[in-house]
Amino acid sequence: MTTLPDEHLRYPIGRFAKPNEYNAELLAQSIETIKTLPARLRAEVIKLTDAQLNTPYREGGWTLKQVVHHLADSHMNALMRIKLALTEDHPTIKPYNEAGWAMQTDYRLPVESSLKMLEGIHQHMVALFDSLDEAQWNRSFLHPERGVVYTIALSAAMYAWHSNHHLAHITQTMKLWSE
Amino acid sequence: MTTLPDEHLRYPIGRFAKPNEYNAELLAQSIETIKTLPARLRAEVIKLTDAQLNTPYREGGWTLKQVVHHLADSHMNALMRIKLALTEDHPTIKPYNEAGWAMQTDYRLPVESSLKMLEGIHQHMVALFDSLDEAQWNRSFLHPERGVVYTIALSAAMYAWHSNHHLAHITQTMKLWSE
Amino acid sequence: MTTLPDEHLRYPIGRFAKPNEYNAELLAQSIETIKTLPARLRAEVIKLTDAQLNTPYREGGWTLKQVVHHLADSHMNALMRIKLALTEDHPTIKPYNEAGWAMQTDYRLPVESSLKMLEGIHQHMVALFDSLDEAQWNRSFLHPERGVVYTIALSAAMYAWHSNHHLAHITQTMKLWSE
Amino acid sequence: MTTLPDEHLRYPIGRFAKPNEYNAELLAQSIETIKTLPARLRAEVIKLTDAQLNTPYREGGWTLKQVVHHLADSHMNALMRIKLALTEDHPTIKPYNEAGWAMQTDYRLPVESSLKMLEGIHQHMVALFDSLDEAQWNRSFLHPERGVVYTIALSAAMYAWHSNHHLAHITQTMKLWSE
């Protein structure tokens, strides 16, 4: 894996590292991260002016507003994939073109609509996670484009990382502004 | 199409009738219905006791709480399908097992999480609809299990019907109680 | 009481008529009206464009946006007065200058903040109302400028009227536009 | 001022210290604290079980749920006092019995209603603060029971402290549990 010139801007908390094993502590941490993300995100974006929301977090990257809307879309897909894995036998999920989605007109909406989506979606995710037994944590889906099998446990770890990853794009950008 | 013995309970506003043509007025009506559904739904469910939320709307049917959570899940899928149709060339979408989803543990959550999801999701849908030109209204996706091609215009009409269809399950059930 | 030339615009559902007596049915109706107002209001204002929100509901009257913010402020005062009446012996409340409040800068905010206030405030009001016994319904406060004694029962009836009164300003204005 | 035996539990961030002077930096800090409190509070309380919400933060003190509802009630009063100070000439405000209010039945509601109230109320407060000139920051009200004159600037500093004070009751209690 090549380190990019703007690696620290792209990956402020580092790239996702697939856990070697899933123990109760790791899953509990992932759940807590996912549980609190919508409010932690709201606490950061409420401080932003419109000008700041429309500023990219790195040269050529998404604006902070696009980052917020992307989180809603991405975690909507995540919730769906987890539900598919719980109700079908190793389903193949439908990937989506996240760059294309970020160009649609709804990404110009104020962030409130996506903050509400995230509040609701994360409560559903956490309600599911809190009820899973070991066999269910190991249920899985196939991402056909990446050719990767995701268990629900791996998804929990990954979306916890993804939550903090994009939140860090916002906090990092704000820190650079205030310097 | 056979009329079922409990047809009026299952389909309180009638079955969905595919429009013959899509004119500006029909689309505007569909958009307004979708725009106001989350608040109209909230106005009804806030009147319900827990016992009422846990009562099925027909013998063998979902409870009113399951109906609310189903609306969030169904319209989350709808938003995704519309975005797929806008960003890919006639994609095949991934169906989901709505009966199986309704049995998952998150359907026992208080309805607030799904009301928030719906508030956010419908704002995104409406923002997209409000910006579409005729060519975009005709973009489509394939539902592989039903073998049906849905244009975005057809989706708008159908999810407007679907909004009022499930809302009527709730208002109809409440009317029967109060008699 | 003189009927004003624009009486029907000022009082689309008529002026408040003090009930002669408070029975269980009247109180139940008032509670249901108050319970559903925030969602019914949201369902109407979500249909409004910015231009419509900034239009007065009558010549010389508040804009629709000011009406929404006024509802939040007025019912915040109402909640406070009800709590004062429940925790003090016939307190004298502090009136406020509603015309002056409507000129403050926060009345230029998008309506979402006031819709959220109303959702929360009305849930608290209803939780209180649902628990009152007859003696508590008769607890009272004094409005020193009007020289009027309000029991909690009278407040419930009045704020139910006040809810529908201002909602009707909005629906009436929209009807006039669409003609 | 006597230090109490459980001073550190009662005042986890210390008692409020009246600022000697109000400069732009102090006011900006107060505004940012008030702006982010509702989301920071939501991020903490969403982690709590019902049992934890019903646990007092100190022996003989309020439960964490009462703390959340108290914040909504207290800051509702704060918003009102600030608006009174802006629209009347040095008004005398109406104090309230916070211990009595905390015993009312609405304090048994789930916290969501108060979180929504706080989200809305703090947005209004911040919209007002962001627009004040120096003369307005110095407008004041009298708290008749404490015999204290509060300028709006002092209120901003005090409610910023009050926000973090009660939030610390929650985070401190959670830390003690996890030890």
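Per-chain residue numbering starts at 1, and chain names A, B, C and D are given in the order in which the chains are listed.
Note that a residue touches a chain if its C-beta (ideal position, glycine included) is under 8 Å from a C-beta of that chain, and two chains touch if they have at least 3 such contacts.
In UniProt terms, the chains line up like this: A, B, C, D = Putative metal-dependent hydrolase.
Model, not experiment: these values are computed from the prediction.
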Contact distance in steps, from chain B to chain C: 1
Interface copy of B-C among C-D, A-D or A-B, judged by whether over half of the contact pairs recur: A-D
Inter-chain centre distance, chain C versus chain D - centres from mean C-alpha coordinates, in Å: 26
CA centroid of chain B to CA centroid of chain D, Å: 41
Cα-centroid distance, chain A relative to chain D, in whole angstrom: 32
Residues of chain D touching at least two other chains: 112
Residue ranges of chain B touching chain C (in the complex, touch as defined): 32, 35-36, 38-43, 46-47
Chain B residues within the chain A interface of the complex: 72-73, 76-77, 79-80, 83-84, 86-88, 91-94, 96-97, 100-101, 104-106, 108-109, 112-121, 123-125, 127-128, 130-131
